[in-house]
Each structure stands twice: as C-alpha cells, then as structure tokens.
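In the part that follows, the structures are each spelled out as structure tokens.
Both of the next two complexes hold subunit A, though its partner changes from subunit B to subunit C.
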Partner chain A sequence: MSILQIESLCVAYDGAEVVRGFDLTLKEGESYGLVGESGCGKSTVAFAVEGHLAATGKVTSGSITVNGTALTKIAEPQLRRLRAAHMSMVFQDPVAALNPTMRIGDQLAEAAREPADILPIMDRVRLPDPEALLKRYPHQLSGGQLQRVVIAMALLSRPSLLILDEPTTGLDVTVEAEVVALISEIAAAEDVALLYISHNLGLMARVADRIGIMYAGQLVEEGPVRSVLRSPKHPYTLALLACLPGRKDRAPGTPLPSIPGQVPLIGALPRGCAFAPRCAMSKPGLCDVDPPLRMVQTGTDHFARCRRLEDQPPMSKEQQTPPTRDLRAHDTVLEIDGLRKTFGRRGLFAPPPVVASDDVGFTLPAAQTLALVGESGSGKSTLARMLIGLDVADKGTAMFDGKNIAALPAKDRPDSLIRQIQMVFQNPDGTLNPAHRIGFILARALKRAGQPHGEQDVIRLLDSVRLPATLADRHPADLSGGQRQRVAIARAFAGSPALIVADEPVSALDVSVQAAVIGLLSDMTAAHDTAILLISHDLMLVRHVAQHVVVLYQGRVMEQGPADAVFKAPFHPYTEALLASVHPPDPDHVVSPLDAPDDPGPSPQDGCPFYNRCHRRLPQCSAMPPPKRDAGTGHAILCHRELQDLVPPERT
Partner chain B sequence: MQSSIRGFGWIEMGGLHAYLPARLARSGIALTGMYILMFWGVVALFAPLIAPWDPHEIDFAAMGDRGFSANHLLGTDATGRDMLSRIIWGARTTFVVVPLAIGSAFILGGVAGLAAGWYGGWIDILVSRVGDVMLSFPALILYIILITSFGPSLTNIVIAVTLAYAPGVARLMRGQVLAVKERDFVSAARAGGESGPYIMFVEILPNVGGPLIVDLCLRAGYTVILIGTLGFLGLGLPPPTPDWGGMVVEGVNFLSIYPHMALLPAAAVTSVVIACNLLADGLRERAK
Partner chain C sequence: MVRKILSRLAQYGFTLLAASFLLFTLTEFSPGTVASKILGPYALENQVALLNAQLGLDEPLLHRYVDWLQTLVGLSPNLLPEAAPGLGLSDPRGDKYFGNFGYSLMMKEPVLDVLADRIGHTAWLSAWALGLTIPISLLLGTLAGMHAGSSVDRVISTVTVTLTSLPEFVVAVGLLLIFVASLGWLPGTSSLQPGDQWSTGAQLVLPVTVLLIASGAYLTRIVRASVAETMQADYVRTARLKGLSPRRVIWAHVLRNAMIAPITVILLQVNWILTGVVVVEAIFAYPGLGSLMLRAALFGDIFTVQALTMLALSVALITQFLGDVAYAILDPRIRVD
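Showing the complex of A and B:
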C-alpha cells in the first residue's frame, strides 16, 4: 500500500507556478530522494505535503494522498490530526528546530504519545547516557547530537512517513555519515517511508531506493537509484553528475564541467523543455517548442522528460589530460611554523583559554594550491583570519615575502603587503556590502590595489570573471549566489595577489555552480601565478584541485603532505575517518563506518586530541602527545601507531 | 499595479509613489502618517500666505465673542489673537524645532554609537557610561534644570532635546553596529586595510538604517509632545512665539467657557504625534 501519493500537483506562489504537475508514489518502508538545484521547487513539494506552505503559496491543482486520505479535500482540524498521526519532519538546522529555553526531555515529552517511549528511542538514535541528556538544554549538545534528538522526536509520534529536508547539510562529514546510516537503519526497522529532499547526489546514492531529479518545478527523471545514477537518461542528470569532483575516471586537475546559465525564474519559463536553454543536447525547433514535455519510460520503472532520448550519447568517459602545471622547484610563498592562537579572557579566575591553533606548521609553494581540511572547530578559519590580519597569533611565525605576518594585524600592514594576500569568504550573502553597487565595490578594490579604477577597468575586471558589464549597476541582492562569489573572486584578484586565502568558497553554492566557480578560481590563479590556501571540508573537491593537503583536528596538524600521498595509505586515523564518510554518487560504493567510540567528549589534556574519537587508539594515546612519523616525500603523520599499522585492510 | 523591484528597496510605480522607498510605498499605515506630516509641512512652509491674520495681531473687535465667527474661523485666544493663524504659525515653529533637535540628537548619538560599536574598548565604555548617567536622569528634570539655568530659547530647547535623546540613539546605533560588524563584508574591508572611519561611514552606516529610521520617527513624535510639555510648564519658546504647547496652557484657564482655545492646539499636537507613530509602525512592519 502506498503511504504517500502525489498526483499532478501544482503549487503557485502569488499566482506564479513553482511546482508543475508533480507525481510521486511512496510505498511503505520505501525511501525516495528528491534532488535538484536551489529554486527547483523541491522544498515546496515537501511544504505542500506537510501543509506548511507560506501564506502566499497555494495548491492550485492535483492531489496529495496520505495513507488513503486526500489532504486537499479535508478541513484544517482533520488535516492537523492526520499530520500528527502519520507524518514527521526533520529540517536542516537542528538548532532552530529545538526550543533553546526548554530541556531536551520536556521537548521530547511534548512529542511523545507514550512517555515510556522516550528512553528506548534515545537508545535507538544512539545518544549516550540518555537520562542525563534529557535534563540538558539544546546549547549543551553538539550539532550531531541535536540532529539525533530531532530525529528521535520525529520518530516518537510513530509516523509512517518521515520527511527529511536537507537533514545533514549543516553537519560535519563524519557526523553526516553516522546520522544518515542511523536514519536508514531505523527506517528499515520501523517500516517508515522516507522522503529525502537534498541537493547532494552522493548522499542520495546511499540512502534512497528511488530518486527523482527535479528541475524548474517538474521531475525530469525518475527511477530506481541504481538505474538513474548508473545510466542517467536526461541531459540535466548527466550534467549534474559530471559537475561532481572526485569521479574516479577523472584525473585530478582536469577542469570540472559546469552547467551554464541558471534555473529559470518563476514565471519566466521557456517554451517546451525548461532545461533547453542550458542543455548541450538541445535542438532548436524540437526542444524549445510547445507542447510541454511528458515523462517517457526509458527502462524498468525509469522515466525521463526529454525529446532527444534516442540521440543520447552514452555517459562519456572523460579522458582529458590534466593541464600540465609547471611543477618545477617553486619558491615558497608562505612558510608557517609553530603557530598558536588561543581565545579567552586572561586573568586569575578566567576559564582556561580555548586553543584554536596549536603548533601549526606547513609551507605553501608559490602558484600552487594547498588545502586545509578538517571539521568545524578544527581551527581552519582562525588560521585564515591570522593570515589576512583579522586575528593575531600568540606564538609562532608565518613568513611571507621575508616578513613575519603572524602577529601583524591588517591595520598595521603596509598596502603593498595587503595587496599580496587576499581572501575569498565562504558566504556569498555576506561577502559583498548589500548597500553598494557591484561597480562601486570593484572600483574600490581596484583603487586599494593601486590600479586604475575607472568604469572601463571595472568592466574589464567583471569580464575576467565572466560576468556581464551590466552587473556593475546592480546591488548584491540582485545577483545569484554564484555571481556574488564571482564578484568576490574578482575583488580578491584586483591587484594580482601572490596568495589567496579561500575559506570554503563554494560550499554554499549549488553543485552545478560550484564547479564553475572552482574552475574560475583555478583559471585565475593560473593566470596570475597566485597560490591558494583552500579551506574546505569537501574531500572530493580537495582531491581534485589541491597539490598539498594539511589535515587539521582541534587546531593541530594531524597529517600533511602532497595530495596524492595523503589520499593514499598510510592514513592518519582521522583522515581515514574523513575519507570513509565521503559519498560518491555511486549506489554500489560501500561505506564501512569506522567504529569510533560514541560521545566524543573533551579531548585529553595531554596526549592526542583525536584520542576520544579514534578507532585505532592505544592506551598511551591519552597520556603522551603523538610523535611525528615521516612517510617520505614530505608526507608526515602525527600518530602513536607505526606507519604500517595505519594501512586499512583491503576493502572489497 | 505593475511593479519591479530594483536594488536598494526602491520600487518603480506609477504616479505619486514613484520616488518613495518600497517599504513606504507598500504600507498603507506608513503612507497615511506621511500624508499627515506632508499636510503640516505644507502648512508650515506657506504659513505667511495661508494664515488669514498676523499671529501676533490683537483683534479688539473680537474681544466680545471669542468663539468661531466668519472673521475668525477657529475663534480667537484670550488676548484676541486669531486661533487659526496661530495654529498655522505654530506648525512652523514645530517644523523648525523638531527637525533641528532630532537632527542634532541623531548626529551626536549616531556618531558616538558608531564609534562605540566599532572601536569598542575605552571609547565604548566612555560612551556607554556617560549615556547611562544621562539616561538615569528623569528627562523632564533634565530639561527643567537646563532651561531654568540657561533660559528658554530655541537653541536651548534644541540642546536639551539633543542631550536627552542622544544616549538612546547611541545605544541603538551601537547595537546595530555590533551586529553588522561581524559580517563578512566588514571583515573583507578590514583585511583590505580600510581605515576605521571609512568602514564606519561607508561600509557599516548604510546597513544600519532600518531600525534607526523607525526610531527617528518615534522620537520626532515624542519631541512634539515634549515641546508641548515645556510650553505647558512655561519653559517653552518665549512668548509671543506661536507655540502649540504654549497655546494649550494659555487656553486651559478658559476650558469651561471656550474649550477650543486649549483643545484645538492640543489636537494639532496629537495629529503630528499620531502621524509620526503611524509612519514608524508602518516602516517597522515592512522591515520584518
């Protein structure tokens, strides 16, 4: 029997259709992944099912049936009862989902049908020491623990349908892997149907039975996850998969393909196929004419909405040779040694300071890319802020151009130095001043860089990041996230710097745009002979673009070396854990979670900071700081284990 | 209504609303407030042309009946001066004193708050503590002390209002600056070696507008009341300046015989205060 049935659903905001004829059938215990770029209407579908559409949103036609009851036909009070009885939701941000002023236990009690259910469910989501945890407030828990609480809460009403809207997007990769595994396990045990909303194809490959690719309010391809990801039929699915870094058939350094253009705006849909303007396969006269396209069966239970299915080329094995970058003995642009930074008050009664960076050291050769990898709280951003002078180090040196810049705040740096080190920030929403026009922002950057800064110069700069000159008159709010990040890159390159610090430059962008922005960043660095310090949690991306990798954990360098060496055994146990959490878009990829001890807790005072989460720990690890082990060619690992112990057994 | 949003929240619409910020043009409440203020603004601007009488001229012929008549549409006051003309000229007084007082309060408080929020440290401590001390005085006592010591005059009223309001403005501004300061574009400017004043005035100031504009509207309303109160206490503008507060106090003795003498200027005060509040409410609603 089907738990959820959606038939030709249309949803409009203020009269503009954002979901157009959406169909979906979800059976008991089945897991469905809905994937697409932002603005495709995937969350709107979820909101319609939940009955949480914004005030301006309206279901204009079609039906939603949950457990045999049509939601569109019943009144609000019954609807509420139905929702309470059959559905639960888990949203992206667990911090916002929980009330900060209530104890966890009280919040769970509100959701529970039987108070006796609470403790067993806490066990199910593997929260340690549930009795104590129930008495705590949300701010006392980590993000991963909070999301587990939210999941426990969602399961307490014993739903038959669980809707998960980007449930792990805000979590660290290792935590994401655990949470996702947990959801799948519980869903299977309790026969709960799952509707996943996500932009992450890799994640969907792991958790979904069926997958639907959404574009401009319509499904463009749907089918069993294996079939869709292995033999995608729609050009959009093909393009999305091609954008992902880290495919095995692509050598590191090969330019990533990207999808040109943007998702069409609400109310400005092209005729015929909505994807045609961005499609490499589109044929004038066939794809851009009415009537609207229908879903066509292309395989067992596999459908796609395209007029050129017969002409599809098979998924291309890209055999491009990577552009040979000159790897001769480069000069060093940045040499960091023994860097330490702590935060906290000083004084007799002050709590012990938080160590953000401790004894960090590495060198960055000119015109190369070094990636700093680690979870949130690993001190990556603190390091970036020290390099550009927003924070000053307590100890240690960072030699740049013969000067120690570690303790030199930006306001004391000469302009010549400031021009040489620039930064690209993570969040495209915050990086540009919303009150200024793009032209003003770039002209100011050129002026600060000592360059000519007339209108033509601004246009030239915009052109160098492949943006049209007309954007100069716009404000940041009028630009898409990808465009804003391009402007930020243009600003950073205004004075041809020697070093760019890029803090998660693409993590807030859609997959199709990520590739384009990373490509742009690589092109710009090649053109200006600039070195990049890339901060990222995305290991597939890092493997693709970086020549050197430094793995940080709680402010300490755990492993560093050339990218090839770091991504091969021997691994530091932390690197191994990070790599084990990566989801390639391959349904057959086996993720074997490392049996790390639960509840990280504080790391030991002396000894290895990773001790509490390490799956290879030894008794002496908590007592003594780990020694540095040299694995050759600049590859170093900080661990008590011998190198030969750090090679994981062959996986099959 | 065809409308397309451009940057900076301005909206392109037909007719009169063409050049209003989008927030204002879309809020009926704010528009109502603005129209009332515009009415009084026009009255103030053209007072010499509109007013049928000289506001200081005593009409001995009207001494017999001070009520409404063809000669004096809104009657006369106790000394036989034309009420309508005095209310019209009173608008002028209000529309000079209030913008001056509010303007200087926002400049002083705004700059102090910007500096306190941006630089922190001892500047912040100094601004915040001085502000606390001033806010701990009951405002009315502050005025009475200031004006009784230095005498009632336009300048002294402006100074009194500035001193009374600047701490509150500074406090609001400081909070806004602290929030905006953490955003990446400010970090980018700092890392780019921009100077403190540049960041404060060019990067931060344009982004703190919303709540400050709402506060400005509210404080303008309070100032109208305040000037009325000062006038009522005899600390307002020196007579015979037509001043709504002063007119109320003169008329209050005749409330049982000629209620219009006190009620009409009181109604004028009320309409301006309500207009300021409507404008503030409308803008605040839109700001959400």
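Showing the complex of A and C:
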C-alpha cells in the first residue's frame, strides 16, 4: 500500500512556480531520498506534504495523498489529525527545533500517542538515563542528543510517514553515522516510510532505496539508488557526483570539477531544459526549446528527463595524473609547540576549567595546506582563534615570522602582523557587512592591507576570485552563497598574507559550489605563496586539498603527518573511527562498525582522552598518557598500541 | 541560586551608594546654595558664611557627603532647625532616624512628610495605569503578533503607531477638549482635594487614560514584534507539525518565549509610571511625585529633589531585580544551578 502519493504537484510562491509537476509514490517501509542543490524545491515538497507552506505559498495543482487522505482537499482540523497520527518531520537544526523554555519530557508528551511509549522510545534512540533527561531543558543536552530527542519525538506519534529534512547536517560524522543507522533500524522495525531530503549523496547512498534528483522544481532523474548512483543518466546527476571530493578514481590535489552558474531563480526559468544553461552536454536548438521535457525510462524503474540520453558518454573514469606534491623542505611559516588553553573561571568554588587545547604542537610549511580535523569540541576553533588573536594561550608558543604570537591578543598586534594572518569563516553572510557594497568592502580590505585601493584594484581583486566587475556595486544580500564566500576569500587575500586560517570555508555551500570555492582557494594559495590552516570536519575534502593533517580530540593531537600517511594505516583509533564514519556516494559501501565502547563518564584524568570511545583500548590506556609513536616521514601517532596493531584487518 | 541573588543584591547596594554620591555632587552644582535659599537673596556675606559653618557646608565635598549619608541613615542629627530657627522647622520623629532627608525648604516640613501623601497618590495612579496597561498591551500585542499581516494586525499596528507618535501633552489636551470642554463629563483637574464635586474615580479617569495610551501603545508594539518573531521560530513549526491545536501552540510554545524580550520594556514602563510622570501630573494638577519633582526643582528645594531622586533610583533597582527574577523564571537557559 502506498503511504504517500504525490501526483503532478505544482507549488507557487506569490504566483511563481517553484515545484513544477512533481510525482512521487512511497510505499510502506520504503525510503526515498530527494537530492538537489539549495533552491531546487526539495523542502517545498516536504512542506507541501505537511500542509505547512509559507503564507505566500500555494499548491496550484496536483494532489498529495497520505494514507488515503487527499491532503489538498481537507480542512485545518483534519490536517492536524493527519499530522498528529500519520506523519512526522525531523529538521536540520535540533537546537532550533525544540522549545528552549519547555522541558524535554513535556515536549515529548505532546507528541506521544501513548504516554507509555515515551521511556521505551528514549531507550530505542539510545538516550542515556531517560528518566533524568525528561526533566531537562534543551540547552542542557548536546547536539547529537537533541537530534535523538527530535527523532524520538517524531516517532512517538507512531507515524507511517517520516520526513527528514537534512537530518544530519551540522552533526559530527561519527554522530551522523549513529543517528542514520538508528533511523533506518527503527523505520525497518516499524514499517515507517521515510522521505529524506538532503544534498548529501553519501548519506543518500547509505539510507535510500530510491532516490530522485531534483532541479528547478522538477525531478530530472529518478530510480533505485544503486542504479542512479552507479549509472547516472542525467548530466546534472553526473555533475553532482563529479563535484564530490574523495572519489577513488581521482588523485588528491587534482582540481575538482564544479557546475558553472547557479540554480535559476524562481520565475526566471529558461526555455526547454532548465539545466541546459549549466550543462556541458546541452545542444542549442535541442535543449533550449519548448515543449517541456518528459521523464523517459532508461532502465528498470529508472527515469531521466533529458533530450540527449542517447548521446551520453559513459561516466568518465579518466585517471588524471596526480600533480606531483611538493613536499620539499620549505620555510616554516608557523611553528606551534606545547600550546595550552583552558576556559573557565578561576576561584575557590569555580568548576574545574575546560581544557580546549592541551600540548598542541605542529609546524606548517610556507605555501602549503595543513588541515585540522576532529569533531566539535576538539578545540579546532579555539586554536584558530588563538592564531588570529581573539583568544590568548595559557602556555606554549606559536612562532610566526620570528615572533611568538600565542599570547598576543589582536589589539596588541601591529598592523603588519594582522595583515600577514587572515581568516576565512564558515558563514560568509555573517562576515560581510550587509550595509556596504562589495566594492567598498574590498577597497577597505586593500587599504587596510596597505595596497593601492582604487576602482581598478578592486576590479582586479574581484577578477582574481573570478567574479565579474559589476558585482562591485552590489550588496552582499544580492549575491549567492558561493559568491559571498568568494568575496570573503578575496578580502582575506587582499594583502597577500602568509597564512590564512580557513574555518570550515565551504561547509555551508552546495557541493556544486564547494568544489569551485576549494579550487579557488588552492589557486590563490599558489599565486600568493600563502599557507592555509584548514579547519574542516569533511575528511574527503581534507584528503583532497591538504598536504598535512593534524587530528585533534578534546584539545589534544592524536595523530599528525603528511595527508597521504594519515589517511593510510597505521591509524590512530580515533582517525580510524572518523574515517569509518565517512560514507561515499556508493550504495555498496560496506559500513564495518567498530566495536567501540561508549562510556559516558568523563575521560580519564591521566590517561588517553579517547579511552572512553576507543575500540582498541588497553587497560593501561586509562592510567597513563599515550606515548608518541613515530611512523616515519613526520607521521606520529599518540597511542599505547604498537604501530603494527593499528592496522585494520583487510576488508573482504 | 541563592548565591546569585545575594551577589546581585550586593551589587545593587553598591550601585545605590555610588549613585547617591553622584547625586550629592551634582546638587552641589545647582544654582543657589542652601544658605542663600534660607537667608534670601539679600543676605550679607558674613551671615551666609556663619550659616555655612553651622551646617558644616564649608567642609570639603567628601566630608559633607559622609555627613549627609550619616544623617540619612540616622547616625547623626540634622542641624538645619538649630542653625535656622527663623524657619520654624521641627520634626516629630526627632532629629535622628533612618531616611532623614532633611526639610523641604519649599513646604517648611520634613521631606518625609511631604513625600508621604504624594506617594499614596502616585501609587494609586500607577496601580490603575499599570493594572490596565500591562494586560491590555499583552493581549493586543499577542493578538496582532499571532496574526501578523492580517487585518487585525494592521488595525492594531496602525492605531498603536499613531498613538506612540503623539506626545503625552497632545493626548492630554485632546482628551481635555473632548471630555471636559465639550462634553463636560469629567473634571479638568485631578487635585484630589477633599470635598471636590467630582469623585476620586472621575478625577482619575483622564490621567490614567493618558498614561495608558502613552505607555500601552508602545508596549503593544513591542509585544507584537516579539510574538510575531516567535511565531516564526523552528520550535513553533515543530509544535504545529506535531498536530497541536493553534490554541495549544500559542499557550505552550509561543507566549512564554515571546514574553522574554518585552520584560525589560514592561519594567521600564513600570519605572516611568511610578516615578517619572511629570507632564501628566502637571497638566492635571495631580498631587503625585512627578508634579512634586517639578515644583521642587523649579523652587530649588534641594533636599526634596535629593529624596525624590533616591526614591526613583531605588524603584529602578527594584524593577531591575524583578526583571532578573522574571527572566530566570521564564528562561531556563539563564538559570544557574
């Protein structure tokens, strides 16, 4: 029986169509993944199903049927009953999705069909000490716990349809892996139909039975997940897959392809195929003319909307020669040693301070990229803040240009030093002043860097990040996310700094844009001889762009070395756990769960901080700090285990 | 929690002390000295010097401040009646008691007695004004914010924007023209004299209405903005998608969160209505603290002004404290265990 049936759905905001003839059938227990760049109408479909479109949004034609009830035909009270009894939704940001002033227990109780379900379901989503948790407020829980609460809440109404809108974006990879496995397990047991909405193809490969690729309000390709990801037919699907870093057939360091242009704006669709203007395959006279395209069957249950399906080249398997990595001895631009930073009040009754960095040490060669990886709370951002002077270290040194800058706050730094270390942030919206024009922002950056800052110089700078000169007159709000991040990069490079600290520079961007921004960052680095300290949770990205990797856990360096060495065995158990959580867009990827304990208690005072979660722990690990083991070529691992014990068995 | 409250109270004590010193210093720079006020404009220089010496006014500032403070808390006597016997000043409480602000030079009475009647009148006016303003604004603001963009919202918003942009005296004069001059339904002054032909209730109607309009319109807009913003929150969406009824969504999820931001504004209004209603009291000749402040300031009645200012400060600190408590009750994120 089909749980959800959508037929030729059209949704318009203020008369402009954002969903144009969308069809979907979802059966009991089936899992469907809807993929596409932001602005493609994925979330609009989800909200239309929930009957919760924005005030200006309207279903203009088509039908949505949930469990036999036609949603477009019912009144508000019936819709509420349908929501309460048949469908639930899980959103991206669990912190925002829960009421901050209401206890967890009360919020769960509101959703529960049977109050007796609450405790068992908390157990099922593996929330520790559920009784106590019910009395807590959302701010007292971690992000991963909150997402479990949200999932528990969604399941408490015993829905037959669960819609998940980017359910793991913003969670750490290790947490993501657990949460996703949990959802799949429960859904299978309860026969819940799942509708996943995400831009993350790796996630889809893991969770979906069928996937649909959405572009400009339409499905452009749909089929069984294996068929679509293994033999994609539509050029858009091909392009999305090609953008991902970390593909096995692409050597680290080779430029990532990206999709030029952007998703067409609402109400400004091109004629014919909406993707044609960005498509490498498009043919004038064929792709850019009406009538609109139809879905064509291209395989078992596999459909695509393209006029050139016959002319498709097979998925490119070209083996590019990897660029020779420049690992010659370079001048060192940054040398960190024994860095320590704690937070917390000092005083007789103050709680023990939180250690954000402890004995951190590494060196960053000039004009190279070093990546800091680790989960949230590992101290990555604290380290970045110390380098740019927003925080000062308690102990240790950070030698830059012959000076120790570890405890030198930004206000005491000479302009020359500030110019030499610049930062690119995760969210470009927050870093560009919305009241100023792009031209003004860049001119001021040039001026601050002591460079000529006339109109021509601004245009040259824009050109260096491949933005048109016309953008100088625009405000940040007029730009797309990718364009704003380019401006942020241009701003950072205005004075040719020696070091750029890039904190998750692309994690807020669509994959299609990510690749272009990363490519830009690499080019700029080469052109300016700038070293980059890249902070990222995306291991595939790190593997692709970084020459050196430092793995942090709870403020301590667990493993470091050349990227090639860190991503190969022997691994620190933590690195191994991180890598095991990464899922490539391959439905046949086997997740081999590590047999990790999960001691919730505090990490041992004297021993290895990773002890509580380590799948290779030994009795002495909780008592003594781990020794540093040298794996050659600057590759070091902090672990009690011998190096040969840190090689995972070959997967068969 | 107790520790937090105690430390907050200690902070307030310090604030009060620092503010009293500032106040004392500032009154030093007001035109005319105490001595010249008492002795009149034609006093001889040596008379002034003699009085200054008797009152200890020729001592350095800090010394005088400490004297003043000691008198205030009842450690040392007020020397004014002895130094200026011609004024006929006397205090039934004696010359040493807590809260001894001295004598009103305008009324020739102890400041406390001058304040006593007025405080009652102000409390009466405030109670009515606040008792109406707060519930009405919360109700209208919530109604408008819940239905942001609807016709209900547009009517409420237009009316409140219009009313907030009218100064109090315009509103007061307008109401006087309608209800007093034309219709003759209500009295034009509210002096609360015994034996007045108008009842106390009738005398209160116009001042209370002016305050309600001045304060309520503004508060309604603040509440509306906060409720409208909360309605957009993700957790409100979550609540709706749980299938909860609109009533439940508003009561359980919107209101408590939406009230957090307006608390500060509500308390500022309380503050203002309790101690700062100068214009309205002056127009209606209402015998409250505001009109007293105006008269004392114009007369140069330093001791009364000092007492009124200290009173306003204490009210400000108390409302501040209530605000902190209210925040902690409404928002679990700022409670500290």
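Simple rule for what comes next: the second predicted complex is superposed on the first by the 643 of 652 C-alpha atoms of A that agree within 3 Å, B and C clash if a C-alpha of one lies under 4 Å from a C-alpha of the other, contacts with A are read in each partner's own complex, and residues count from 1 in each chain.
We take it that contacts are C-beta pairs under 8 Å (C-beta built on N, C-alpha and C of every residue); 3 or more make two chains touch, one makes a residue touch a chain.
Since the structure is predicted, the reported quantities are computational estimates derived from the model, not experimental observations.
A.B. asks: Based on the shared subunit A superposition, would you classify subunit B and subunit C as clashing or fitting together?
C.D. replies: After superposition on subunit A, which the two structures share, subunit B runs into subunit C.
A.B. asks: After superposition on the shared chain, which partner residues are touched by A:27: those of subunit B (first), subunit C (second), both, or neither?
C.D. replies: In the superposition, A:27 contacts neither subunit B nor subunit C.
A.B. asks: Taking the superposition as given, does A:434 touch the first partner, subunit B, the second, subunit C, both, or neither?
C.D. replies: first
A.B. asks: Can you tell me which positions in subunit C touch subunit A when the two form their complex?
C.D. replies: Where subunit C meets subunit A, its residues are 149, 233-235, 237-245, 248, 252-253, 256-257, 260, 330-333.
A.B. asks: If we count contacts the way the header does, which residues on subunit A are in touch with subunit B in the complex?
C.D. replies: Going through subunit A, the ones touching subunit B are 385, 388-390, 410-411, 413, 415, 418, 422-423, 425-427, 430-437, 445, 448, 474-475, 477-478, 488, 491.
A.B. asks: Would you tell me which residues of subunit B are touching subunit A in their complex?
C.D. replies: My answer: residues 6-8, 183-185, 187-194, 196, 203, 206-207.
A.B. asks: Once bound in the complex, which stretches of subunit A touch subunit C?
C.D. replies: It is residues 50, 52, 55, 80-85, 88-89, 91, 93, 96-102, 106, 110-111, 137, 139, 150, 153, 157 of subunit A that touch subunit C.
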